[in-house]
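Chain nomenclature is as follows: A, B, C and D, assigned in order of appearance, with residue numbering initiated at 1 for each chain independently.
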Amino acid sequence: MLTVNNFIKEFNLNVDLAVEASDLLRGGKNIEIDGIEEKVETSKRLRVNTITVTTPEAGARIGKPPGNYITIQAPPLHVNDPELQEEIINMLSKTLQKITLPFLKPNDPVLLVGLGNRYAAADSLGPKFIEYSPITRHYHRYAPEALIQGMRPASGIAPGVLGTTGLETLEIIKGVAEQTKPALVIAVDALAAQQIERIGSSIQISDTGIQPGAGIGNARHPLNQRTLGVPVIAIGCPTIVSAAVISNQSIQKFCSNSACAYDEAAATESIKKVLSYFGGSLSVTPKEIDEIIKNTAKILAGGVAAALFPGIKQRQLELYAM
Amino acid sequence: MLTVNNFIKEFNLNVDLAVEASDLLRGGKNIEIDGIEEKVETSKRLRVNTITVTTPEAGARIGKPPGNYITIQAPPLHVNDPELQEEIINMLSKTLQKITLPFLKPNDPVLLVGLGNRYAAADSLGPKFIEYSPITRHYHRYAPEALIQGMRPASGIAPGVLGTTGLETLEIIKGVAEQTKPALVIAVDALAAQQIERIGSSIQISDTGIQPGAGIGNARHPLNQRTLGVPVIAIGCPTIVSAAVISNQSIQKFCSNSACAYDEAAATESIKKVLSYFGGSLSVTPKEIDEIIKNTAKILAGGVAAALFPGIKQRQLELYAM
Amino acid sequence: MLTVNNFIKEFNLNVDLAVEASDLLRGGKNIEIDGIEEKVETSKRLRVNTITVTTPEAGARIGKPPGNYITIQAPPLHVNDPELQEEIINMLSKTLQKITLPFLKPNDPVLLVGLGNRYAAADSLGPKFIEYSPITRHYHRYAPEALIQGMRPASGIAPGVLGTTGLETLEIIKGVAEQTKPALVIAVDALAAQQIERIGSSIQISDTGIQPGAGIGNARHPLNQRTLGVPVIAIGCPTIVSAAVISNQSIQKFCSNSACAYDEAAATESIKKVLSYFGGSLSVTPKEIDEIIKNTAKILAGGVAAALFPGIKQRQLELYAM
Amino acid sequence: MLTVNNFIKEFNLNVDLAVEASDLLRGGKNIEIDGIEEKVETSKRLRVNTITVTTPEAGARIGKPPGNYITIQAPPLHVNDPELQEEIINMLSKTLQKITLPFLKPNDPVLLVGLGNRYAAADSLGPKFIEYSPITRHYHRYAPEALIQGMRPASGIAPGVLGTTGLETLEIIKGVAEQTKPALVIAVDALAAQQIERIGSSIQISDTGIQPGAGIGNARHPLNQRTLGVPVIAIGCPTIVSAAVISNQSIQKFCSNSACAYDEAAATESIKKVLSYFGGSLSVTPKEIDEIIKNTAKILAGGVAAALFPGIKQRQLELYAM
């Protein structure tokens, strides 16, 4: 585990999924770690993994603040299947309702945040999520008669990325939250995974907010209850794997196939040579990434809307989206 | 003037350009109005009209708060001409430098705001302006070595519109301004004109901020020094004319051609019948509106950048844009 | 009628909808015209008008080649309603199945054509239709196992417009048709209407192909069986009204309200003065035109897919779209 | 070389750049190969490599048909530099003028083709090239007075990809070529490289057309003089490296660093395990790929326009682009 973490550090990588961070921490073994509870449930074709980090010490070890990390994992490559999509939307909705129960009352206003760069394919999940989400807050002010009974105020913003706005995500979202006082922020972001098959098939929901530098967007400061003054639910989906990770896995697999000894320092040095250009920020994506992003954004928007507006039909909700 | 204003009121129109509001107020005659000073200069192919509203009473009459309104008018339909473009960029830059002189020092940070809906052709001028503008604030924090000597911090945001975010523009911009403390806000918006030939050929610069409901974006609350706590320079360009205005002009012209008496109440009633659908929010645009918007956004970005970063070449500045 | 046609000629307008051309020809009266048969049916909330032009002489008078022109008219402004959308999709599918029955057998290949400019809001209906349509032809060649039983080969192209390609639409489509030998071409285009309320609420289906200069795209040469060697079904939906038409209607309404005599020559001259800029190519559109286009493109794609792939569920078909 | 080619075959890779194919063939050594001539020139910051394949046998060995392959190589990562851009544009223009000299006379019409998928970031180079290119053919027909003296007819088409049109690229381009009779086709496509540093810094110009399956677009049938009946100049720029190639390079580097024996069969098997998802079509791209594509498309459009319209200024030519 330690050696792996060195690799991660050398390449300045993020292990965005708690379920992958936990695997790395255990070194792939089935051992118990103090302060980290893990639970796995399955439901038809879905596998739901809940990791609870209960102490700051465990948080430091796994690189995640204390809180709950729930990963819905669908079978890879089958997500473009209407029935499976519905199953995921239902599971996401159920999960969100449970995790937001402690701090969200029926008519409380919610601010949806779509992180990432709308002009960069693999990073546009957040902005696309906002496009597909029902937005209702302005009707409460200007046209309440256009609302369906029981619709809470929902607003949405895609703040863009530091490189194109010159503004920290936190500066924008904190500013908006202070002006509009939502009871909850739900932030969606594209993540980096360690495993190719997770692209387009995993959803992580967490009650700890968005961590610095997570994913390929540039959220340098955390978005969480402490920084925003509002609870933050983070929803993230892997859309890339770092090229360094893929290369390292290939070397490890080669070593085990060829009976040569894997050495992390040598692997790190070799990979750095190969990937030195573009500051090492090289991502691996499948050719169909644009389609995957669109598909995933729709699933997330569907699941979040179902959780926020219980009892209202999906196709009614779509009329309130962009 | 009064009858015209009734028409404007009936159709809930905005007279965004002060130069047009002044014309309406004078009833097309060359008379002096207390509290309104008007000055016209020409420069090669440009005509620059400066209207200064000096008293609140005059402001109430002309429908604009006291302050300066400068309109750069190029010959219509010739704007797609590189030399004329350069002439406009230079005039815009000169005008902005003069109007911002009282409250902007060389290294002061500036927040650029692109109002309007990026997904609606005629309303996307503001978001496109942000795309083409050099953004430098983050380099000051994270990579000062990438800046050219003398570059001030500039950030930029396109906040979207109420209908798709559920957020008032003021809420977003006020939030961001409070978090990031710019010395000046420069806000760009698409405007509605009274004359077709102004589309794509006029630029209005004002030191009074953006007024409620101006243009076809839905900025319902004003963005100005009072609401934001920061001075606001507004730059607006006409991209549409209301269909009601065009129809009324046609009726007026018909009456003068046919020796029948123009009657505003009858005209209003007639036009309302014809334009009753879509809540009357019908706009007239030329077929080439997308091209006009792109062209205009580039000119605005060029002029603003030249004013904010004096002495740095246009093509160097382009490298800092999206 | 003659006077009206002069107006149309003066402004170089197209009367794209046969139902409107028929109204103009009758001068708004309920008279019979030799060689033109008209039939109206209603179905729940839809009104279906079928005009059959039976002789070349009648064709010359109405400005449409002999053939069938079916217009599905939904109540205006209510189209963003899931149940009404389904009703329209079903009616469109039924209409297409009937009109293509004579020349389309179950497994015959079809070429879908999306006319217009994808980068110009009101003209992007055709390209968006292609985006939402199921495309299956390549699976027949390379992956037949991925097809659902009974899926015919469907290909699709959005050829762009003369102004951006330098190519006539006919040159591209004829070239593709000769290379790929479809049994039928279905071409979708944005149309100009005479009545604002038809925007977003009318669909015209015709078995006579696309006529020169129709709509706001620049199809200068007709696309029909004679020019392409393949039967062409044209589907068109109004997305604009000419500003000249709106102005003329306002003058007419004003005259009838004010008891002044309407004079077409004077009206024409007056409107020309007001609209002289931009070569007179000024369109009236509602503010929400982008949304209307998207909505309409989905309805058209749904109806065409249901007609071409009978018995396959809509949500299965969506998986074969872009 | 043979073993390397096995790897390439196993992963169904394309070695799009002749300069890389030649390196692979020589096994990295500086040896002469019958039927392949190679020449390197440098010019300020550019390196220009010309490979001439003179016999079909040599063509079979290097995997490229006989003809000329010229690669302009700029220093990596510095391309976003206005002076270097101008240098590349000039070199590209000079190269194109020389290579097209045998079959293109001053007023001959040219058809520009932008291959690839406009909706997929790394594959959108071709469509973007068309957007930025001056299109003049329609003016020759409809408005010759709008042309600058000496402008030849140029048309342009981005045919899309098989997966979204159901049409082979060849079917579309052959159809258009037969209808419009250009004297030359210039086709631009995104390529796959073997070396990360080539992304955004290499341009390959060839007089042999586009080969089957080249790049990440799906041109399954060659576009060349034989298939189209018109000479085809191909211009390609690397925008991705296959994840398999990166992984293999990492393993090779690791082996040489760790003194373990590289074994291609074992490497192939290992990499296949890691990359089995998404049919192995996994690409490595830098985070800034969208910006690279835009930048490269502008350089290509500039160089091609300078070659086709000698003596006309770049900023004049830009007015004829989209």
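Here is the rule we go by: a contact is a pair of C-beta atoms (placed from the backbone, for glycine too) under 8 Å apart; a residue touches a chain by one contact, two chains touch by 3 or more.
Remember, predicted model here, so these are calculated numbers, not experimental data.
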Contacts common to chain B and chain C (chain labels): A, D
Chain pair with the higher count of C-beta pairs in contact (A-C, C-D): C-D
Most widely separated chain from chain B, with each centre as the mean of CA atoms: D
Angular offset of chain A relative to chain D [C-alpha, multiple of 5 degrees]: 180
Gap in Å, rounded to a whole number, between the CA centres of chain D and chain A: 36
Distance from chain C to chain A - Cα centre to Cα centre, in angstrom: 43
Cα-centroid distance, chain C relative to chain D, in whole angstrom: 39
Chain A, residues touching no fewer than two other chains: 119
Chain contact topology (line, ring, star, complete or other): complete
Residue numbers on chain C that touch chain B, as the complex places them: 76-77, 119-123, 196-197, 199, 216, 243, 246-251, 253-255, 257-258, 260-261, 263, 266-267, 269-271, 273-275, 277-278, 281-290
Chain B partner contacts - residues on chain D that touch it in the complex: 80-82, 315-316, 318-319
Chain C-facing residues of chain D, complex: 119, 135-138, 153-160, 162-167, 171-172, 174-180, 322
